[in-house]
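Multiple structures follow.
Each of the next two complexes has subunit A plus one other chain: subunit B in the first, subunit C in the second.
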Partner chain A sequence: MLVLKKTTIDKLPELAACLMEKGTLVAPVKEAGGFNFRAITDAAQVDLIFHNTILSPKTVFFPQTEDFVRYSVYQPILEAKPVEPEIRPTFLFGVRPCDVKSFEIMDIHFTRTGVPDPYWRKRRDATIIFGFAFDTSEEADPAEFYHTLGIGAADPDGSDVFMLRRDDVLFLKAVSPRGENLLGGLAGLTDAAPDERKYFDDYIAQGHDYKTRYTCVDAEAIAKEFEAIFHNTDFWTKVSNACLSCGICTFVCPTCYCFDICDETQFGQGVRRRVWDACMFTDFTLEASGHNPRTQVYQRLRQKICHKYSFHIRKYGPISCVGCGRCTRYCPVNIDIFSIVEQAVQAKWYKRM
Partner chain B sequence: MAISFEQIEQHLKTEALKLLESGKVILVLAYGRGYDANHPMPYVAKHPSDVDNIVFNEYCTANLARYLTRYPRRTKIAIAVKAADSRAVVQLIQEDKVCREDLVVLGIPVYGMKNFKTGEVIDSKTTGGLYNPVLYDILLGEEVHGQPVSSPYDVLAAYEAMDKEERWAFWQRELGRCIRCYACRKACPMCYCDPCFIDQNKPKWGEKSPESPGNLMYHLTRFHHLAGRCIDCGECSRACPVDIPLYLFHKKVAKDCEEMFGQAAGMSIGDKPVLVNFRVDDSDKILE
Partner chain C sequence: MSENNPYIPMPVEISKIIDEVDTHDIKTFRFTFVNKDDEQKFVYLPGQFAELSIYGKGESPIGIASAPTDAGYVEFTVQRAGAILPGLVTSALHDMDEGGRIGLRGPLGHSWPIEFLEKKNIVVVGGGFAFTTLRSLVKYMLHKDNRSRFGDITVIYGARTPGLLCYKDELAAWEKRSDIKTIITVDKGNETWTGREGFVPAVCKDVAPSPENAVAVICGPPVMIKFTLPVFFELGFSKENILTSLEMRMKCGIGKCGRCNVGYKYVCSDGPVFSLAELEDLPRDF
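Our next item is the complex of A and B:
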């Protein structure tokens, strides 16, 4: 059986320093607007007293801008130089269980279908994930619904090391062989006592009882309902009346992966890069001919929701949503994606908790 | 306040029902229940039976004037407005984006509205120091009198104390974290350009990636495009997911405009937009 290790919160900088010696440490940092995952430069920056970050940790594997090729407009095209991403062993520290789950969904698109994306895969392979349980003593955030989608508040699945905080103590347990190797070599961690091991196991088990807003859902049934109402313009207009068609929901989403390839040139020196794009933007579907198949807000919102809750289920199996609640929390007009799902299926087979 | 939020909600429902039943308007722009009581959302009532879903509480900060330009002309619309929102309606009428005759303006005299993300009271920050709508057909309640009036420019004190270099550094820092979700322009009632300059690619005016030069290009252009037009509702700053205090720049420009040309945006439908209206005695300070 894998041993449970522990340290204290005040010794967190020591643990951080230890990881920084071995590679890049990426952890939640408090910034002016809230928390975000950032590469740590000072071990004291790591802050685990947070609920969740603004941007999801997908930024670590799929940054908002990624440079591919540098060129000069004064030189022949063959002189253009590909940009090699700098990839070091990385420790992604303090990821909530629902966000860990999102990596599996993103893997489908970046590595398991079509041409594998080398940038995503190299970064993913170089990264050890430290999952971090939600605090179940807090009341559930009204925007979140990971439990509805079958993800526990303390679900170690997908993490290499799973962490749990109990007051001033931080427990760490290896989940994968890579995690085990790493934990074995970290100084400063002590073995937990038997009663603490029991606490840890109980906490993980009880994580599945920590209810977010709704009862469980059936992906197949949802996909079917959305297919049935796809052409119901009245429904889509009604749910999108308030939508501003900004890009917040897609940018903060851990499972949105659309991007645009841009050539950005300044003073003759240019870079071809990919930049996040959002299906909520008017120019997202603008074709070279000038035709735009999605000019209306309702068409764009329908695309976003049906992609996650219908097309994705049919094509790949899982719902493309982990219930982290970011889209709902940061929406300037409080549109709640799961309320739309709820209205779409007309409360036929589930009830609000 | 002379009346409570519940009373405003009641008035709003009564008036909306009357207007929809009589056929005077075909839709009412108001507020509806969101995913919980603290998160109401903009709501469009089209049928008398929709009126039951209308709510009003201290978190109904959204400026509904933003949705007016979404409907074709001659659509008869009733719109619920608070003080700053009514200025947006006036400004849109001045700019000939909406017709006065198409609108039934339901004025809400109110103070103590709160940002639903932070719970902070927004009065002193972004209501233009007003509690009563400047334009309405039907007032939902009684005008607010006797409430201490704060100058809309008080919050600028710390910003104005900075010198040129400090301000440059301030905006580089603040705009540096922009993620280019464009929520600020989408939440703004005065940002109705279609397409917005930043979305154009022939020619391309600014870069798409969220890096400092492109961010500055986008925000500074937007700031200046709103000169003399920003009505200080604060929606851009509240919509921002990374909390950039955009309202500071808008307020500073609004203050300069008011000092130079003696006119605030959206105060009377008889006014011409300040930067459209040329007068021989206009201040030349802008050229200095």
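Our next item is the complex of A and C:
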């Protein structure tokens, strides 16, 4: 049984400073529009008073832009230089359980199948994840539905260290050997008392009963359901009626991985880099011949939803969604992905709690 | 990070450019590898493709037109693309001369299923410049080391006009051989054309290859495929024995960038070669 450690919230800056000595600390930081994961420059920035971030923490492993090669159009190709990304030991601090789950899903795509993506792998290997339980005394956020996908509000799976806040106390427990190694060497942490250990264990167990929006979802069954209605244009037209094809749902999504590879040249000097892309954009599938299989909004929304709830299951196994609710929360026209799933499965086999 | 990084192209040099058609917008580029190591690593089979990469322009996925039996070089037949906007990579490539250097990433995707094709009669049906990876397959099968592994080979190849036929010298050489049946057709001939006239589907019907122990490998413009498939059904070919190659817009070519999916398959890493049985299992979203 691993020891449960604790510290107090007012000592968070000390913990943060300790981690910053060992590497890069990435934690939620309050910005104009809300919280986002950023590299911490001042230990006092870390306060853990947030519900969840706007952008998902995939930004740490799959940044919005990743430079591949620097080149000059005046120089021969042999002069082009691959960009060595600066990857330091990183502590990703305060990740909600549903977001931690997203890393595992993305691992399947990026490194566990086919040709491994070297950037994702290196960043992932260099990072220790501090998961952080949702506050289950709060009412569930109306956009979230991780409970549907079998993810608890306090699931430590996938974290290296799992954290839980109780009033002014922060509990930390090592989940992986890497986490155990790290916690053992951190100054300022004390051992929790037996009653606190019981509180911690109970909280994690009860996290599975914390009710977000819920529909009984069986991955295989839902994959088939979407296959069945793929060619039902009426359905897809209806649910995508308001969609602006802005792509925000894909950018905030922790499991959306589509990217473009662009050459950006200025005055002859350039960088080939990958940047996030979105299947919601009309030129995403535009071919040089002029042919485009997805010119219509409904075709693109259908691609996005069927990818998450059907294609991904058939290709890789799990649903490519963790129910974090970001796509719904930030959609400018209130398209609710979960209600589309519900409508798709109709009243056939799902049941409301 | 440059070691074994699948996103970093290897340098290749244009050693030969062949102007294939009388409209001058389809050329075959022969590349040699700048680094000998890369040549050793570039092991491919007919049907695979690669990304042609020009810094400042981008990358373009193109089927490999040479055969693995062509030692020391690799060829791509490239059309200057651009119906809406000019194709950046293909235009830049067409404007290059012999001796020019570009990047190459590959080989990518799955090849024609060579083991599955062995000991079978092969019917190769191509239209226009989609013949490239079929040319690779035919060259491969005709090679003296490989010819005995395959049964009868029939090639039915058509283009709109005689001037639009690619690989004219090779076609002439195949026509003279006795171990391959070569049927060339054009939609409309000209005053010097003495060969067959007629659309590919009609010619297939006319030639009527036997489905006995046979596989049809079909590549061409969508309209040709649309009318050719029913002909092969009627001849008695099963859906497992009709193969084709798909195209979708691609970026990474290794199944990561999420762009070229048709249903749950990525055309780049799960394809581009599919049997008709496999295609019917996918949604019509291409």
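Methods note: the second predicted complex is superposed on the first by the 352 of 353 C-alpha atoms of A that agree within 3 Å, B and C clash if a C-alpha of one lies under 4 Å from a C-alpha of the other, contacts with A are read in each partner's own complex, and residues count from 1 in each chain.
Heads up, the rule we're going with is that a contact is a pair of C-beta atoms (placed from the backbone, for glycine too) under 8 Å apart; a residue touches a chain by one contact, two chains touch by 3 or more.
Note that the structure is a prediction, hence the values are computed from the model and not measured.
On the superposed subunit A, the positions of subunit B and subunit C stay apart, so the two partners fit side by side. Of the two partner chains placed by the overlay, neither subunit B nor subunit C lies in contact with A:G185. For subunit A, the partner that touches more of its residues is C, with subunit B and subunit C as the two candidates. Contact with subunit C, but none with subunit B, is seen for A:V69 once the two complexes are overlaid on the shared chain.
Once the two complexes are laid over each other on the shared chain, residue contacts for A:G33 go to subunit B alone; subunit C is not touched. In the superposed model, the angle subtended at the C-alpha centre of subunit A by the C-alpha centres of subunit B and subunit C comes to 90 degrees, rounded to the nearest 10. In the superposed pair of complexes, A:R314 makes contact with subunit C only, with no contact to subunit B.
With both structures placed on the common chain, the touch criterion links A:D260 to subunit B and to subunit C. Touch criterion met: A:I248 reaches subunit B, while subunit C stays clear of it. Subunit B and subunit C never share a C-alpha pair closer than 5 Å once the two structures are laid over each other. Touched by subunit B in one complex and by subunit C in the other are residues 260, 262 of subunit A. Remark: subunit A residues 31-34, 54-55, 64-65, 142-143, 213, 238, 241-242, 244-248, 251-252, 260, 262, 264, 266, 273, 275, 278, 281-283, 297, 328, 330, 332-336, 338-339 touch subunit B in the complex.
Across the interface of their complex, subunit A is touched by residues 34-36, 39-44, 62, 66-67, 70, 116, 174, 177, 179-183, 185-187, 194-195, 199, 201, 207-211, 213, 235, 238-244 of subunit B. Subunit C makes touch with subunit A in their complex at residues 1-2, 4-9, 11, 34, 55-60, 81-85, 87, 90, 101-103, 247-249, 251-252, 254-259, 261, 263-265, 269, 283-286.
Residues 68-69, 71, 73, 76-78, 80, 82-85, 109-110, 113-115, 117-119, 122, 227, 230-231, 257-263, 265, 270, 272, 274, 277, 279, 284-290, 293-294, 299, 303, 306-307, 310-312, 314-315 of subunit A touch subunit C in their complex.
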